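Inspection log for the structure reproduced underneath, given as structure tokens.
Chain IDs A, B, C and D follow the sequence of writing; residue 1 opens each chain.
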Amino acid sequence: MIECTNDPFDDDKLHEECGVFGIYGTEDASALTALGLHALQHRGQEAAGIVSYDGRRFHPHRARGLVGDIFGRAEVIRRLPGTMAVGHTRYATTGETAVRNVQPLYADFDFGGLALGHNGNLTNARQLRRELTAEGSLFQSTTDTEVFQHLIARSRQARLLDRIIDALRQVDGAYSLVALSRRKLIGARDPLGVRPLVLGRLGEAWVLASETCALDIIAAEYVRDVAPGEIVVIDDDGLTSHQPFAPVRQRFCIFEYIYFARPDSLVEGRNVYGVRKAIGAELARESHVAADVVVPIPDSGVPAAIGYAAETGVPFELGLIRNHYVGRTFIEPTDEIRHLGVKLKHNANPVMLKDKRVVLVDDSIVRGTTSKKIVEMVRHAGAKEVHMRISSPPTSSPCFYGIDTPQKSELLAARNTVEEMRVAIGVDTLAFISQDGLYRSMGEAGRNNALPQFCDACFTSQYPTTLTDHEDGRGEVQLSLLVEPR
Amino acid sequence: MIECTNDPFDDDKLHEECGVFGIYGTEDASALTALGLHALQHRGQEAAGIVSYDGRRFHPHRARGLVGDIFGRAEVIRRLPGTMAVGHTRYATTGETAVRNVQPLYADFDFGGLALGHNGNLTNARQLRRELTAEGSLFQSTTDTEVFQHLIARSRQARLLDRIIDALRQVDGAYSLVALSRRKLIGARDPLGVRPLVLGRLGEAWVLASETCALDIIAAEYVRDVAPGEIVVIDDDGLTSHQPFAPVRQRFCIFEYIYFARPDSLVEGRNVYGVRKAIGAELARESHVAADVVVPIPDSGVPAAIGYAAETGVPFELGLIRNHYVGRTFIEPTDEIRHLGVKLKHNANPVMLKDKRVVLVDDSIVRGTTSKKIVEMVRHAGAKEVHMRISSPPTSSPCFYGIDTPQKSELLAARNTVEEMRVAIGVDTLAFISQDGLYRSMGEAGRNNALPQFCDACFTSQYPTTLTDHEDGRGEVQLSLLVEPR
Amino acid sequence: MIECTNDPFDDDKLHEECGVFGIYGTEDASALTALGLHALQHRGQEAAGIVSYDGRRFHPHRARGLVGDIFGRAEVIRRLPGTMAVGHTRYATTGETAVRNVQPLYADFDFGGLALGHNGNLTNARQLRRELTAEGSLFQSTTDTEVFQHLIARSRQARLLDRIIDALRQVDGAYSLVALSRRKLIGARDPLGVRPLVLGRLGEAWVLASETCALDIIAAEYVRDVAPGEIVVIDDDGLTSHQPFAPVRQRFCIFEYIYFARPDSLVEGRNVYGVRKAIGAELARESHVAADVVVPIPDSGVPAAIGYAAETGVPFELGLIRNHYVGRTFIEPTDEIRHLGVKLKHNANPVMLKDKRVVLVDDSIVRGTTSKKIVEMVRHAGAKEVHMRISSPPTSSPCFYGIDTPQKSELLAARNTVEEMRVAIGVDTLAFISQDGLYRSMGEAGRNNALPQFCDACFTSQYPTTLTDHEDGRGEVQLSLLVEPR
Amino acid sequence: MIECTNDPFDDDKLHEECGVFGIYGTEDASALTALGLHALQHRGQEAAGIVSYDGRRFHPHRARGLVGDIFGRAEVIRRLPGTMAVGHTRYATTGETAVRNVQPLYADFDFGGLALGHNGNLTNARQLRRELTAEGSLFQSTTDTEVFQHLIARSRQARLLDRIIDALRQVDGAYSLVALSRRKLIGARDPLGVRPLVLGRLGEAWVLASETCALDIIAAEYVRDVAPGEIVVIDDDGLTSHQPFAPVRQRFCIFEYIYFARPDSLVEGRNVYGVRKAIGAELARESHVAADVVVPIPDSGVPAAIGYAAETGVPFELGLIRNHYVGRTFIEPTDEIRHLGVKLKHNANPVMLKDKRVVLVDDSIVRGTTSKKIVEMVRHAGAKEVHMRISSPPTSSPCFYGIDTPQKSELLAARNTVEEMRVAIGVDTLAFISQDGLYRSMGEAGRNNALPQFCDACFTSQYPTTLTDHEDGRGEVQLSLLVEPR
């Protein structure tokens, strides 16, 4: 049976939790970082931060809100001087987005200061936190990222790089890190390479970013992806690359292609928009039905719908209009507004739906609540038939690598067959892309079940790392006794 | 020659200046008005206001910002009690968006209070203002709307309706008005019907709104458009209609179809999205060239591009990606950000452009600055040929009826031939839809040059009213000696 | 019987409602006005405003709060350019301190702009407002001051001075006005001269201010008091004086000496501190009892207590300590804080009170609530006897001339004999200065009952003007149907 | 020669840096803490904080500003539930009052949470910080107080009390601490007892506070002073007292009597107001000259002036009027305001000064800048002679125990004889109380030079502890490379 939440603004999507950016060697380090974070805004809309270093001191600015609102004024950028900076944009799921959790985190070490931004999630952070606290470390935030800080502080190594390697060897999970010390910009990716991180150049300056769209916006040149397990260290002597881990097969997050990454980004060598169109075409080949129009659920369903329409010859039409002004608005809705919820974002365009056989294309079904409401809206507008096509396999398991997923019990696919989901959502037919079909759209022959080419645990429950914290039997743990101040 | 502004965020569009909404006879009057204004947000993003009446007193809330930010909290709605309300959303071109200008305006008259929201622009407001001031009226705002208030205050008629008629008879220009007194909700449209206004019902309640999308969001039923020159008066006895003006041929603003109205709205009986697709198809018939992809300039070029692609069979592709998080951000950009300007909103998706012959579809060219930058971006991404197709005729004259247009000298089409424009923008070919083609897309046989079916003065300079203020030889006039407080 | 309010922060005083300031002919007009208003802060702590004129436009800044908080930043002063300015500081009794009521008010007239600040209160403002509204004037505020604006706007006179005279002739009550047009700074006082207004010079510049302490702070020289019924007009040709009214005997507010004015001000030729000491000495002569210490209720009782102690030889001691950090704090107290109320401001200093016969000296008793609590505190600290001496006669009638007084029914003296008041407050003896004693302290032989030398209506009910609005039988009138936005 | 600062608002006083408060065992813990902090506001006006514990979680609220502004609203208090709370009010000298430094500090330890508020200053904090950082501790603030946290975290003891004792044994300097764990309220004073801390009861609840005035405001009963070197632990079993240090002779800060403490407080058994009056009388006996009036520099000079006047029979008069509205205002003054600086706070009352021989009484001379300006003001008002009497010995050395003093080079008395100071300030005669006279006023026979009864290092340079950090030859040290965000 379908689960209903009370949040009408829940757009019923999985959410990427973070984007990171770093730059070294240019006068406009903070302004360029602000632009880069703006291009990465889709990876986190809750809060953002930049820390710059001016040769003498570190300058932080971190706040809740959108990048443009936080960093759009020249006066703010002027307070972030220096030729090097790191930045972070963050999505957070609950009220726990305290300002103290907003990254980049900063600490003074005996070797000087270090600012740290992290995209990903550790699977043994809680265990490490307990051990560190028992040894007298005081935690200030509830983020995983602070674990890195304390591990670095406790390391007995002399060089910063060796301390960082010391720290990374103790953690499990997914991370793409950017770090800024007084002399170095450092980037690191976990051995499986779950989350993306790319390297670029802007004149003499070096750039690190979660996606290539953050290079494009500042007109930086894409150099290459940081490799899984690689640490890159950038300083006045240039870039050096380090590979402290034994090599393992990469397990890049396949959902970055399906939904998280921006369509214009080049991710691990593939154009995201192109992959999505290919998935749409594959989906059409697998499960097409006779229809009059192909209608995307905007914005995320659009590329797959274009691919689907092109493959089938059925016209692509904007049968649903999205209101982009919603933003962080209507945060505390009245009952009246709550009731009308979904319409804040989408409205049916009846002329394109009335008396039509409609194929709705979306990227995923999470709880199914929004899908259900949109289908009602489409039917109310007079559609004769409604067929739903989803450009991912059923999302049946939570992610532990930096994606905000509901608890397993809230995932519609975790407890329902496709037919039950069809009934719950109220469509005439429902189809998901097959796992092999998805891998084919990526240019693979199919899924290598022995050693999958991607991390697809949210569809398959095959997690590529141990899940220490998840399996310690403690359930949800209160990381701090402190209630966050508002 | 092309003119360049320094504002990189200038999206180089004409802007609708306002949306209005009114509701009578429901418990949730203010919450529903907030939703209606949210649906009309595209008609004005600078400021918004609601005035409700609770049977005893009028309750105002007006502020700068987006509707959701202003009215999204339940606490704000609770401060706007009552079963009737009017609302207004406003675009303003300059720093002159003082809070004192944010509508609905309110005043205490000897007959009681009246709140007034206005979409449109008067062409003799300055002259009337001079006359009223000379007689001892004190103006508080610099909006045209206040002229209505003083004319109503000065009227010697007894009934509110007669006072309003008195006032309307003295003004020239375009207006769609909503007004709220202690007992009545009133809607009025100018005799030419330049700006839209529709009537709806929600159960027993009556609704007035600029567009049907504001009815859809609250699940109200569309009844009809308020007629040109009509005044509708809604009170506990129901609705009465008044036609105090001699009938003239309607001159509805054709640009509402091309760009201003929301695609899912039904405007004067036509679906906007459908009209835009028809224009795209007509444009293809008039001026198609051999091409590999049809790429809209998002979001406004999308429907015409879909029509164009469908007509020609050339694939429709998202070759430009729009970042919707821009909003009111980066308001005071650093030099670095300024320089990169246009990229805040758009990024090229190179895979769809490289080595392609590209048809770019947009709705209009105003100054041409953004067009030029986007073309550069598309060429930089490797396009082999770039052809620009515009779904309106050349915009060569300013609007005096409520649309924010640059001065004539800044309009690219005012001083350049199409060939000169092509060179300025840097495309291989450039074509605009023809005037007759545009009228044909509306379902007309063509433009009736003797008595045009629409107001198209921005393309033709044929203004349907006198332009008293514009022609009084005073140029720009300082309406108040008061500098607006920030 | 004693009345108790629930507001523990009620300091149970009458409050002056406004202070005004104007300056003409200096580069630093706004900065000097801010300083002048700061010196007049005791006349109104609720809101303040400045309007400057820079030769081209008027620049306003008005806000709620203290002068220093509003105008303390250089950036705010920079936005108020020009060599002439007027300012106003305001106390307001209720939530009706809307920003729209904060002065100086400004309006655009046919002759140009005029900013207006007003200290005082009109007694026929409501009647004039009704008449003006009936003729089509639209009121924007609920202040008396706007009546002046509309009367000036409606005047058929050509010269600004004549328009102002026209307006002043129609009003009854108390006013000290400052006005700023594009060429003139104007000051005016009502024919009875109820509220103060002084004239000063700072180099070549002219200054108008409510009290001399506002001249002292900017090191301006005191020239003279503006005379009752006088209008002074200052422009580039210097100062001209006008006396448009038939002369009447002045009736200056005697309470300015007792409590409102600052002790260091020179008011109508008398030093306020000196007058207060003289009242204290007179009070001692009239009603001394054997005592061990004379303790002022700080701060307002201090000068009279010094005079009392000097006259009697009984030691002056700080037996009550005042916490000056209270300000606008604890505005919405919890029950716990409410209960402890009075202690936020005052604390007993037990060593000076224990086993002592204490004479408490205060300036007035309004409701008596605070007096009662302070007496309890003094007794709790161990005082053997408590005697209260008041440096004004019993306050038994409300003021209609610009002082915030409670309704008559809330004035303790309006319904109780002195003996009943003594019991209510809980003291061993209670004495007020006699009316003749008060006049003697001012240097008069006694009160001239036929034609009193001062306005003392709050003690005698002898109001020097008609009270048109008060006597029209309408009681409290809602001036606007608009609820003030927060 | 006299040093001049550019800060006109510098009131040229030493400043107490903090006040602390704690309460255990009452429903209204946070509201009572807010009141207690309000009564301690004179000990720190820059920022304040409260942390409460509700049996499950700790609730913090910390902000810059006055106590009333931060905690005055019921809604804020409601967010601080629980029956136990600690609070802190803070003065800070520079921009370093980052919010991260506002106390009480909180941290999660392995034993649970602990909130900590500290009045005083450590003299080996920097050395301990270096050692702790070298061992891997990460500091979040730049306050001494965080050193206590890390020492407690690192302690190998099991019981919280033993961990605290461990920590206190490692620090040198002055501290009065309040701490709140999940089960205990703890108070501690350094072995010398430099800063005050008192114990009180409110019904069944226990209270700790810097001064008795914070007991008075909540009507709590004074029990006793916490003893030097004592740790009191309060929990559900009542209060236990611990004395972990070898006893040494107390060295209470004598300046608490002269200036810091509130006049109505009982400090170590003496009433502060009484002591100040006694100092004034002693000063008169030591250095009286023929005079017409004794004028205090308000507010701090008032009690000594009353004592001086009573001793000599010369009339006490308010010849200087203080404007109490200054607060945190005019924070960024214009040149014009800067120039007039001192007048924001004080104005001469000429009638009391003209042609008079004036004795000005103040509590101390720090830089001398304000004294000089006030003397000019008094002379400008017409005083015939000006004699300055100071109720403390010359302040010639900085304090390292929690008082904000300028660098030694800025102290007027550090580089000038009394005669040079007289000339610099511009008075006819200048006298300070003698050291023995000061001790006599405290009820001692004189100063015991071998083992002084008080800490008077600011007059004598005899510091009662080692000054490890001061003497390490590093001068001012940057504690963090992080620039505080605004």
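Operating definition for what follows: a contact is a pair of C-beta atoms (placed from the backbone, for glycine too) under 8 Å apart; a residue touches a chain by one contact, two chains touch by 3 or more.
What you see is a predicted model, and the numbers here were worked out from it, not measured in a lab.
For the touching copies chain C and chain D, the fraction of interface residue numbers used by both exceeds half; the interface is of the same-residue type. Once the centre of each chain is set as its mean CA position, chain A and chain C turn out to be 62 Å apart. For the pair chain C and chain D, the distance between mean C-alpha positions equals 36 Å.
Rounded to whole angstrom units, the spacing between the C-alpha centres of chain A and chain D is 51. Residue positions of chain A with contacts to 2 or more other chains are absent.
In terms of which chains touch, the assembly is arranged as a closed ring, every chain touching its two neighbours and no others. Residue ranges of chain B in contact with chain A, taken from their complex: 28, 31-32, 34-35, 38-39, 41-42, 45, 66-69, 71-75, 77-78, 213, 216-219, 262-264, 271, 273-274, 299, 302-303, 306, 310, 315-318, 321, 323-337, 340, 343-344, 347-352.
Remark: chain B residues 57-62, 79, 106-110, 112-113, 130, 133-134, 136-140, 149-150, 153-155, 182, 478-483, 485-486 touch chain C in the complex.
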